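Heads up, there are several structures right after this.
One chain, chain A, appears in both complexes that follow, with chain B as partner in the first and chain C in the second.
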Partner chain A sequence: MDAVLPPGIKREQFASLVADLQKVVGREFVFTDTQWELPAYNDAYLTTPAELHQPSAAVAPANVEELQRVLEVARHYKAPLWTTSTGKNFAYGGPAPRKAGYIVLDLKRMNRILEVNEKHGYAVVEPGVSYMDLYRHLQKIGSKLWVDCAAPGWGGVLPNMTEHGVGYTPYGDHVTMQCGMEVMLADGTLVQTGMGALPGSQTSHLYKYGFGPSMDGLFTQSNFGVVTKVGMWLMPEPPGYRPYMITFEKESDLHAITEVLRPLKVNMLIPAVAMTVEMLWEAAVQVTRRDYYTGKGPIPDSVRKKMRSDLKIGAWNFYGALYGPPPMMDNTWEVIRDAFASIPGAKFYFDEDRAKDDVAWQYRKKLGAGIPNMTEYNVMNWIPNGAHIDFSPISPVTGVDATKQYELIRDRCNKAGFDYCGEFAVGWRDMHHIFCLTFDRNDAKEKARANKLFGDLVDAAAAAGYGEYRTHLDFMDRIAGTYNWNDSALLRMHEKVKDAVDPSGILSPGKMGIWPKSMRKGRA
Partner chain B sequence: MSVTLSSRRTFLQATVRGGAALPLFTSLGMAGSALAGNVSDAEHNSLCLFEADATMGSDMAEGVRQLGLAYQTVTLDDASGWSAMLDTLSTAHGRALAVLGRPATVFAVRSLLERDWRVVLEARHQRQAAEQMRHEFTGLEAPMTQLSGWVDRVSDPAQYAVVLASMKSGEFTSGNERKTLDLTSPAWPGGDFVSLLAWPKGVV
Partner chain C sequence: MKARLMKEILIGRRTLACRLVSAMLALGIVGAGGTVNAADAAAAATPAKVTLSPETLAKGSELFVKNCIMCHDRGMEHPGTAALTYLYGKDKGALEDRDNLTPDFVRFFVRHGRGLMPGFRTGELNDAELKVLAEYLSAGPHPAVPAK
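Take a look at the complex of A and B:
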C-alpha cells in the first residue's frame, strides 16, 4: 500500500513533521514504514477498503512529558492524531484511524500501574495497561482485589472504560467504577478531574465528583482530550463465589427470561452483569460452523438442535453468579432458582454439573471472578477467515423489547445470509444487546453484504427507538446522526465543546461523529 | 509496576547478533543430524509458538526440542498460559518465530508481533475434503518457495511446525516482494490451522 499524507499536509511538511516527532520520542518510536510497521495500525476487520483508514504514521510517547511535546508538534502542523492504546478494540475498528492520513497516537508505552490500594480497593493505571497486565500484577503482589475484565482480556483497563465497555462481575459497569482521571488537553494542559484538582488530595480515587461540574464523562467516547491516567475501583475478593448457568429450550423463551430477570437485577439479587447468550455464541467458542453445516445461509433448525444436544446448551443460556458468605448465597439462590423455574424446560447448572472441558462454561466462570482470558476470541474460528463487527443497541430489560430487538436483528441478518450470533449483557437498568456480525474477511462480497446489513440495522433500530452505545469507525457518523433530537442539539453541543477545547482540531477528528470546525464538511 | 520497552537501538543490536546466527533451514533429514547432537548454539535463537491442542500432533514439542529450538505453547483459555507466552515473547527479541495454531489464536499472536517482528510468511491450512488440505501462502517469495517444497512431505501440523521453525533467514534477505501461492496436500489430522514465520526487524 502506498504511503498517505495527513489531510492538508504536503510531502515536505510531512517529512519535517516526522523529524520533529522523532526529536520528541526518538527515531525508534515514530513509525512510517508502510510495508512492515504501519500495518499494525490497520483494522483487520474492515468491511470497507483499507485505504479509507490507512494512517500516515504512528508515534508512541513514553510519558506525559513526551505526549505534551507530541501535541505541540501536531498543533504546529495542524496534523490530526488518532488516539489508541492497547489497540485491541477489533469489533469497532481496532487501532485504525477514522480517516486516511491521520497519525496514530499510540499510548501503549504508557503502561505503568501507578498504585494499587488494597485498603480502599482501587488501582491507578496508565492507558497501556491491559487487563492481563493488571491481573498479573495483582497476583504478583498477593492482592485480594479482583479485576473486572472485558472478553477477551487483552483489552486495556483505561481504554475499555473510556469506550464505555462492560465486564462480568458486580463491578462490570466500568464507567461507574472509574474514579479520578488525568487528562491532557489539546493545548498540552494537564488536568486532574474531581478531587484530584485539590493539591495533596487524599481522596482523588475515593470520591468521584469533586467540586463543581463533573467532567470525567466528557472524556469518554470523545475527542476532547487524551486520558493519561485513571483510578478504577476494584472488587475485594468475596468470601464465596458460585457461578451458575441456566439453559432454556426455546427461542421464544427470551421474553420470559428477561421478564424474570428484571426484578432480580433491579433488586440486586443478581449483582454482576448477567448474560443471556444465544446458542450460536456458545457454539462458536468451541466448534466451527463446518463441523455441523457446510451449506450456505443461516444454519437450519435441525442442525441447531443437534448442536444444542451435543454441547449441552440451550437455545438461550443465562449466566450469573452468587457472591458472598455461603448462607447468603444459599438464600439468594433459592429466590433465583424459583423465579427461573417458572419457565418450562429451564435447567440449572453449577460448576460441578458442567464438564471440565466445557469451553463456554469454563471461560464464563473465569470472567465472573475477574480472571482474564482470551477464550471468546475463538468465535473467530466459527468460519474461515473469521472477522466481526459488533452491532450494539441498548434495550430496556423487558421481554417485549428483548424479543423485538432480537427479531429485528435476526430476521435481517438471516435475510442477508448471516447467522445471528448475539448476547444480552444485563446491567443496572438496561441491556447491551451485542450482535457479533461474523464474516469472511477475505470475501469481498460478504464484506459488502455485512457493511450493508450493519447500516440497515442502524436505521431499523433507530426507527424503533433503539440507539447503539458504541460502534465501528465506519458507522460513527451514521449513528451520531440518529441521536438527532431537537435538531441534533446534542451533536451541536459536542461540536461547541470540541471547538473550545481543541481549536486546532488535532485530537481524533470524527470520533463518535464529532468533527472539528475545519473538517465538518468532510463528515462522511 | 513499570515495563520498559526496548529501544529500537538496543533491539537492532540484539538483532544483528541474533540475525547472523538464525537457524539454518533444515530438511527433515537434516533434523536427524540435529537429533544426533549436531545442534549449533545458533539454533537456540529460533522460537516456536504453537497452540496447545491435541489435534496438532503429539510429537510437536518433542520434534522442536530435538531440533534444539525453543518452544512455547499458546492458549487463549487461561491467563497463566497467555502470560507465559507474553513473558517468552518479551525475552525473545532477536529470535525468529514460527507460530502455528487455530486461526483465531494465530491472529491474536500476530497482533502482538507487528512492532518488533516482521511476518515474512503466513499460511492458511484448510481442510478441503476428507483427503485434501489446501495451503494458501502469503509472504516473501524466497521463504515461500523453500517451504512450499516441503508441504507434500509433512503429514501433520507437528512436522510442519518443525520445518517452519527451521527456516533460515540469511538466504532471504534480498527482495521484499510479497507473493501468494496456493498448494494442496494430503489432509492433516485436525481442523484448520494458520501458521506464520516472523523474523526480527532488521533481518529483512
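Take a look at the complex of A and C:
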C-alpha cells in the first residue's frame, strides 16, 4: 500500500512533522512503515476499501507529558490525530481513522492501573488498560472486586466506557459506573472533572457530579478532548451468582418475552443487562454455516430446526443471572420463572443443566460474572474469512417494538442474502438491538452488499423512529444526519463546542459526524 | 519453486494438504488489505529450529498469555483455536501445540492478521517483543500453561 499524507500537509512538512513527533516520544514510537507497521492501524473488518482509512502514521506517547507535546506538534502543523486506546473497536472501525492520512494517536502505552480501592469499590485506570489486564491485576492482588467487561475481553475499560459500551454484570452500563475523569484538551490543558477539581479531594471517584455543570458526558463518543484517566466503580463479588437460560420455541415468542421482561427489569429483579439472543448467534459461536448448509442465501427453516435440536437452543434464548444471598436468589427466581412460564414451550436451565462444552452457555456464564474472554468473536467463524459490523438501534422495551425491529432488519437482511444474527439487550428502560452483519472480508462484492444493506437499515430505522447508539466509521455522518431535529440543532451545537475547544481541528475530525470548521465542506 | 517454498514456510509441511489455505495463499488474499504479499514473508524465512534460553521461553510465554491466549488457548471456545481447527482438523487448532511454526510466519500473521484475527499494532506489541514471541512459538510444542 502506498504511503499517504495527512490532509492538507505536503511531503516536506510531513517529514518534519514526523521528526518533531520522534523528538517527543522517541524514534521507536512513531510508526510510518506501510508494509509492517501501518496495516494493523487500519480496520480489519471494513466494508469499504482500505485506502479510505489508511493512516499516514501512528504515534504512541508514554504519558500525559508526552501526550501534551504530541498535541503541540499536531497544532503546529494542523495535523489531524485519531485517538485510540486499547484499539480494539472492531465492528465499529478498530483503531482506524475516520479518513485516510490522519495520524493515529495510540494510547496503549499509557496502561497503568493507578488505584484499586477495595473499601469503596472502584479502580482508576489509564486509557490502555484492557479488561483482561484489570481482571488479572485484581486476581493477583486478591481483590474481591469484579470487573464488568464487554464481550471482547481485550477491549479497554476506559475507551469502551467513552464509547457508551455495555457489559453483562449488574454494573454493565459503563457510563453510569464511571466516576471521575481526567481529560486533556486540544490546547494541552489537563482538566479533572467533578470532585477531582478540588485540590486534595477525597471523593473524586465517589461522587459523580461535582459542582456546576457536569462535563464528563462531553468527552464520551466525542472529539472534544483526550481522556487520560477514569475512575470506574467495581462491583463487590456477591455472596451468590446463579446464571440461567430460558429457551423459547417460536420466532413469534419475541413479543411475549419482551413484554414479560419489561416489568422484571424496571423493578430490578433482573439486575444485569437482559439478553434475548436469536438462535443463529448461539449457533455461530459453536458451529459453522457449512456444517449445516452449503447453499447460497439465508439458511432455510428446516435447517434452522435441526440446529436448534442439535444445540439444545430455542428460536430465542434468554440469558439472565441471580446475584445475592441464596434465599434472596431463591425468592427472585420464583418470580422470574413464573413470569416466563406463561409463555408456552419455555424451558429453564441452570449451570448444571448445560453441558461443560456448551460454548455459548459457558461464555455467557463468564460474562455475567465479569470474567473476560474472547468467545464471542467466534460468531465470525460462522463463515470463512468472516468479519462483521454491528448495526445497533435503540428502542422502547415493548413486544411491538421488538418485533417491528426484528422484522425490519431480518427481512432486509435476508433480501440482501445475509443471515440474520442478532440479540436484544435490555438496560434500564431501553433496548439495544444488536444486529451482527457478518460478511466475507475477502469478497469485495459481498462487502459492498453489506455496506449497502447497512445504509438501508439506517434509513429504514430512522424512518420508523429508531436511532443508533453507536456506529462504524463509515456511517458516522449518515447516522449523525438522522439526529436532525429542529434543523440539526444538536449537531450545530456540537460544532460550536468543537470550534471552541479545538480551534485547530486536530482531534479526531469527523468522529460521530462532528467536523471542525476547516473540514465542514458543504456545511455552514 | 519459489511458490512451493513459500507455501511450505507459510503453511507448514504437515498441513500442506489444507486446500483452503493454499487456495487463499495462491490468490494472494491473506493479510489485512493484502498490503504485504506472502512471498515477502517467505523470502526472509529462517525455518531452522533454535534452542531458546529459559529467559526467552519465559518471556515468550508471558507475551503469549498477555496477547494471544484469549483466542489461541486450547479449546473450541477460543476463536483462534476454533478457526484453525476448522482449517486443519481436530486437535490441530492450538498454536502452542504446533511444531511447524517459524518466526517469519508468526511475524507476518501478527502484523497483518487473517480472517477474524486483526493485526497487532507496533504500539501494543513492539518488534522486540514480537521477535521473542515468534521465537517462543517456533520452539513449540509447549505444554499447557496452568493458570491464566
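Criterion: the second predicted complex is superposed on the first by the 521 of 524 C-alpha atoms of A that agree within 3 Å, B and C clash if a C-alpha of one lies under 4 Å from a C-alpha of the other, contacts with A are read in each partner's own complex, and residues count from 1 in each chain.
Quick note on the criterion: contacts are C-beta pairs under 8 Å (C-beta built on N, C-alpha and C of every residue); 3 or more make two chains touch, one makes a residue touch a chain.
As the structure is a computational prediction, the values presented were derived from the model and not from experiment.
Engineer: Report clash or fit for the pair chain B and chain C bound to chain A in the combined superposed model.
Structural biologist: clash
Engineer: Have a look at where A:P127 lands relative to chain B and chain C in the superposition and call it first, second, both or neither.
Structural biologist: Neither: A:P127 stays clear of chain B and chain C.
Engineer: Based on the superposed arrangement, let me know which partner A:I371 touches: chain B (first), chain C (second), both, or neither?
Structural biologist: Only chain B is touched by A:I371; chain C is not.
Engineer: Quick one: is A:W36 in contact with chain B, with chain C, with both, or with neither? Answer first, second, both or neither.
Structural biologist: Both partners.
Engineer: Touch test for A:G167: chain B only (first), chain C only (second), both, or neither?
Structural biologist: neither
Engineer: By the touch definition at the top of the document, which applies to A:Y135: first (chain B), second (chain C), both, or neither?
Structural biologist: Only chain B; A:Y135 stays clear of chain C.
Engineer: May I ask you to decide whether A:V359 touches chain B, chain C, both, or neither, giving the answer as first, second, both or neither?
Structural biologist: both
Engineer: With both complexes superposed on chain A, which partner does A:P509 reach: first (chain B), second (chain C), both or neither?
Structural biologist: neither
Engineer: Touch test for A:E28: chain B only (first), chain C only (second), both, or neither?
Structural biologist: A:E28: touches chain B and chain C.
Engineer: In the superposed arrangement, does A:G93 touch chain B (first), chain C (second), both or neither?
Structural biologist: It touches nothing on chain B or chain C.
Engineer: Both chain B and chain C contact which residues of chain A?
Structural biologist: On chain A, the overlap between the chain B and chain C contacts is residues 28-29, 31, 35-37, 39-40, 44, 87-88, 108-109, 132, 153-154, 288, 359, 362-363, 372-375, 377-378, 380-381, 384-386.
Engineer: Quick one: in the complex, what on chain C touches chain A?
Structural biologist: 20, 24, 29, 31-33, 35-36, 40, 70-71, 76-79, 82-83, 86, 111-124, 126
Engineer: Can you tell me which positions in chain A touch chain B when the two form their complex?
Structural biologist: Listed in rising order, the residues of chain A that touch chain B are 26-29, 31, 35-37, 39-40, 44, 87-88, 108-109, 111-113, 132-133, 135-137, 140, 152-154, 288, 291, 359, 362-363, 366, 371-375, 377-381, 384-386.
Engineer: Could you pull out which chain A residues touch chain C in their complex?
Structural biologist: Its residues touching chain C are 1, 28-29, 31, 34-45, 50, 58, 60, 86-88, 90, 94-95, 106, 108-109, 128, 132, 153-154, 286, 288, 357, 359, 362-363, 372-375, 377-378, 380-381, 384-387, 441-442.
Engineer: Which part of chain B faces chain A closely enough to touch in the complex?
Structural biologist: Chain B reaches chain A through residues 1-3, 5, 7-9, 11, 75-79, 82-83, 86, 102-105, 107-108, 111, 114-115, 118, 124, 126, 176, 191-192, 201.
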